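Both complexes below contain chain A, partnered by chain B and then by chain C.
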Partner chain A sequence: MSTIIAPAEKTEVVPEPITPWKPSQKTKSVSIIVFLASLFLSAAIVLLTGLAGIDGFGLALFCVVIVVTTVRNLRSNQKSRKDAFVGVFVASAAMLAFFPWMSIFASVIVKGVRGLQPNFLVENMQFTTPDDELNMGGAAHAVIGSMLMVSIAAAITLPLGILSGVYLTEIRGRLTFLVRFVVQSMSGVPSIVAGLFVYTTFVDYTSKFSGMAGALALAVLMLPTVARTAEEVLKLVPDDLRSASYALGARQWRTSLMVVLPTVRSGLMTAAILGVARVIGETAPLLLTSLSNNSFIFNPLGGPIGSLPTYIFGLLQIGTENSINRAWTGSLVLLILVLVLFTTARYVGGKDKR
Partner chain B sequence: MSQTVQTSVMSMSDGQSESPVVLGLETRNIHAWFGKHHVLKDISLKFPEKTVTGLIGPSGCGKSTFIRLLNRMHEFIPGAAMAGQVLHDGHDIYSPEVDAAAIRLKVGMVFQKPNPFPAMNIRENVLSGIKLAHLKVADHDSIVERCLTRAGLWKEVKDRLTATGGSLSGGQQQRLCIARSLAVEPNVLLMDEPCSALDPGSTLRIEETIKELAEKIAVVIVTHNMQQAARVSDYCAFFLTDGGPGYLVEADATKKLFTNPGDTRTADYVQGKFG
Partner chain C sequence: MSISPGLQATPEARELSVIFNRADRIFRRIVTAGALTSLILLGLIGTFLFVRSAQIFNDRGLKFITGSNWTAGSGDGVIPDDFSIGPMLTGTLLVSLIALVLSMPLAIGGALFVEFYATPGLKKVLTTLLDLAAAIPSLIFGLWGVVFFSSYGERWSDLLNSRFGWLPLMKVQNEVFGRSPFVAGCVLASLITPIITSVSREVFSRTPRDLVDTCYALGSTRWGAIKTVVLPFGKSGVIGGAMLGLGRALGETVAVYLLLNIVFRYNFRILESEGGNIASLIALKFGEATEYELKALVAAGFVLFLLTLVVNIVAASIVERSTRHR
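Showing the complex of A and B:
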């Protein structure tokens, strides 16, 4: 054989790019149609048989999809049949995990949206009793209190948490084991114990409940989450980058500050988000530290202060129809607040420049 | 897995003149894209069994993309697309009924950077392909010995088969990776710059290994090292890009390509005038 050039058509025309490894448009459309048909069939089963409710529908859909998958794959080989079956189970498991999540959101939105009127976001409960109509009073004081305490807690925790991450991964000093041990055991502290700790120290010392006390309790809870996540993301930085920086004559702290930390900027943002998510709904420690309040408080040392969790908790205890509706709206606002905070954090933190 | 050996003449579906089936790999009018970016243009090459083919050319001319098209690794890159045919023993590996995993079992690959599995020891690394693909094999010990011997590593590691792959030197790790690809008995082995991170001694060992492999299977090797291409390959294909998609300038027997190339650009490249 003298040549390795394969016999082929000589043409200057560039063919259309194709992706033979992906399912074709036709297969996709057929799948969608089959799935919609399965939905209708399971709805029919729910209507005609003893199965009822959303779980009955889910069960019916699962069975229908299994049967349909079997029929569709009758002619294919064993491997792709297995593939299709495992695919159905994985998708069902995903739906099952998705369901509680969706149900929480749906009920909070459905039950909370009635009370979500302009007054809810600007007024406080100073001159309104919980039983008043929903167009009176609001949770603005609670939103402000929550934001205030979480911000202070974050301001304390983020530097500390990131620094302990840096200590554990970059400096690796003698106390590494001890620091890691303390951080891990702190993450096991029940939130009420954190509240009690601040109650017996800060609240006792200043002889009053305050936003600062609440923030300190939240900080105790937030620190281990931030520190551990920061450690995990810092561990992901390849040692090559550190070596490259050292080889340019950089000192360790310059390397950490200008090479390692910027590399995991979005990871550290995740650490902050996880920390905030850990504490923003905490109720128990706040009952022991910041208590609650019906009017606007802006001074973290100015006595008891309102917050969304304690607002919800208080209203639920009263238990009348309007107060419970207010509590649902409070939950909705809490969810929205978390969403806004996280979206902003992602936007500001951005993606890693890679 | 039983290997189907096609010896008959197979007619092409596109109505071309009948040509004998090439055992090994063959590409016909292969193109590749990443998104809208056309990176490889109209490559038609044969890689018959018992030959070593070197793919040479400057960086960015699509050699690695091409080699990844040959065992369906191209499709792992998001936005990747292709056109044309890749025939393995005469069958198009991109036809819809083909199982990509089965193709990769028959068309093995060795990467630029040695990548032994860190959670496995040397023996387990060699046997990993068999375990991963659920192959039924009776005698594991003889496979380990045979593959490590073929990869030229047996003498060095026979007394420490339970050591981790990471404890070996770079060259030894790469030979371990070759042994690992051999254990599943591919009939084509693709090598993407397998020696670029290695010292000359290890490189020489691997080149000997390649020559031994070529007594049985087809080897396709991407290399930036002209001497290596000259030493190890029977045939060479020279790729180039003018800023657009990479294309094939010329492909021929290595001796001819290095001494009497048909294109001045090839002559310049193999003499080291550019690239």
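Showing the complex of A and C:
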């Protein structure tokens, strides 16, 4: 195609493509005004009639928008009327789909901030009952326990994940399909089953609940994520690099270890971080392997160990006002950790593509 | 491929033949061994769970699946041990199906909205948020469900019961509407919606752009293009995403544990305040279980493992097939 255009023409300014089907500025502003009016109308309906709450408002808004759409499309043909209605349905479905986690973000922040005092991040619960005021006790032991287990899990899964990524992209042996398939279906192993597995093996063998057991259970859940991300990242390495390396006389092992892997170093970091983000909030496997603890434990083999998810879970079961508030603050810390991990993964992963 | 007279065929790239020496072979063996750990691990999980619970399957046979009691014996044999997971198995399926039915329309609508209705800026923001939402721990969904959602859930249940109480599905014996399969199903639905949405969005975004543009060029509306091109193209991917979500819902522990009143009785009335699933049963009974009961719990875990494995294998093969063509 590009050969058709003569070089001289290339320098000319290419006119912007016109888009006659796009709504004009006038229709856009009319739409916005109509939508705002519908918002007010449904708010009025909620205030004046039996409908109440956010769900009532949503329902009222939906009905109002449907009526408004009907009126506005009275003069258009059947096809575009249908299109407008489907648009309303799709937008409402999207709003409903996005509402729960918007609400989760909002409520975790609003309710969690109250308990986020300095003591929450440095103290443990050894001498504090969950019912005490929020300026006593904290979740430092839980954060440390979670970090400990997650780091051990990452240290176990990262090499294995990289190896399976290298197998799928560099070696491409006979088992490629099988390995990819197993990794895919392993990502669906329920977290409690991973906990039970470690319980019947490691905990039974050492006859002790421990942080190590928790880390192993988390590793089982982390491996598929790390392996899949590693594969995706290794796929991005251009074949030219491999060919160049072979042309210089390098063997396959040198090519893989010294050319391919170093180019995706940050991508592999992303894989590890995404794996950590995947498991840091897992509760069920820890209930069967590491239990929980109220004091600082630094030894992964030294018996039950606290962790952020089990800390929140335990507080929820006590169910008094202060303990629930503590649980919200714990959730806020957990959510912030996940957010930070995600942003780091995006930032680090973005570096590769540049 | 026909070659028109003016053009010269580009020669095919030569297949590279590599001769592996000893160092290469060792390297390949190490990598293969590493890649096979996931395979071995999956096998070990199945084997260990089965071996540890073999006594239960041996003692109780098929009654373990079909029976409806979970009674720990008195130890002296006066009250015999009676463990079976019938109600929990049906409860697992019931709650997951409610979640799936509720989340499917939302997820498809959400994916279509992000991919075809949102402006480019909004699309970018929503895609990022979607990835993030899929990473919210289920524990936080459970907490949100207990503290925030359950009052809404109760109100909706009350409403549904007063309007559709004549349906066997919506009947209740006690007019307590909290902690029912419906409420738990709603929270599970919001938990799996991001997963299904992001898989569907990914599949929709692979729709060949020129086909969509052709639709527009022929005078089609947006809905026309979606109906004739996007949905048929993405159908199998959406089904695969739904299966992934179903697998997640089947194995969910804490959210169900916190939101469902776990009662050992067959219950198909979704608004009744009783139910349960296998995973929450394990979490509930684990702490105070006797040795024999623990084996029964491991057996329950084995059943759950098989169930989710089947669902996930089907899902993985569907997703794999529909995203392979780029």
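We take it that the second predicted complex is superposed on the first by the 239 of 354 C-alpha atoms of A that agree within 3 Å, B and C clash if a C-alpha of one lies under 4 Å from a C-alpha of the other, contacts with A are read in each partner's own complex, and residues count from 1 in each chain.
Keep in mind that, in the parts below, a contact is a pair of C-beta atoms (placed from the backbone, for glycine too) under 8 Å apart; a residue touches a chain by one contact, two chains touch by 3 or more.
Nothing here was measured: the structure is a model prediction, and the numbers come from that model.
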Chain B versus chain C as contact partner of A:Lys79, first or second or both or neither: both
First, second, both or neither for A:Ala93, with chain B first and chain C second: second
Which of chain B and chain C A:Ile109 touches, first, second, both or neither: neither
First, second, both or neither for A:Val14, with chain B first and chain C second: first
Winner by number of chain A residues touched, once chain B and chain C are compared: C
Contacts of A:Val259 with chain B and chain C, given as first, second, both or neither: neither
Residues of chain A that lie at the interface with chain B and also at the interface with chain C: 21, 79
Residues of chain B defined as touching chain A within the complex: 14, 16-17, 19, 22, 26-29, 31, 33, 38, 41-42, 44-48, 51, 53, 72, 75, 80-84, 94-96, 99-100, 235, 237, 251-253
Residue ranges of chain A touching chain C (in the complex, touch as defined): 21, 53-55, 79-80, 82-83, 86-87, 89-94, 96-98, 100-101, 103-104, 107-108, 111, 159-160, 162-164, 166-168, 170-171, 173, 175, 178-194, 196-197, 200-201, 220, 223-224, 227, 243, 246, 251-253, 256-257, 277-278, 280-284, 287-288, 309, 312-313, 316, 324, 327-328, 331, 334-335, 338-339, 342, 346
Residue numbers on chain C that touch chain A, as the complex places them: 16, 18, 20-21, 23-24, 26-28, 30-39, 41-42, 44-45, 48-49, 52, 103, 105-110, 112-114, 117, 126, 128-129, 131-133, 135-144, 146-149, 152, 155-156, 190, 193-194, 197, 216, 221-224, 226, 244, 247-248, 250-254, 258, 279, 282-283, 286, 297-298, 301, 304-305, 308-309, 311-313, 315-317, 319-320
Sites on chain A touched by chain B in the complex: 1-9, 11, 14-21, 24, 79
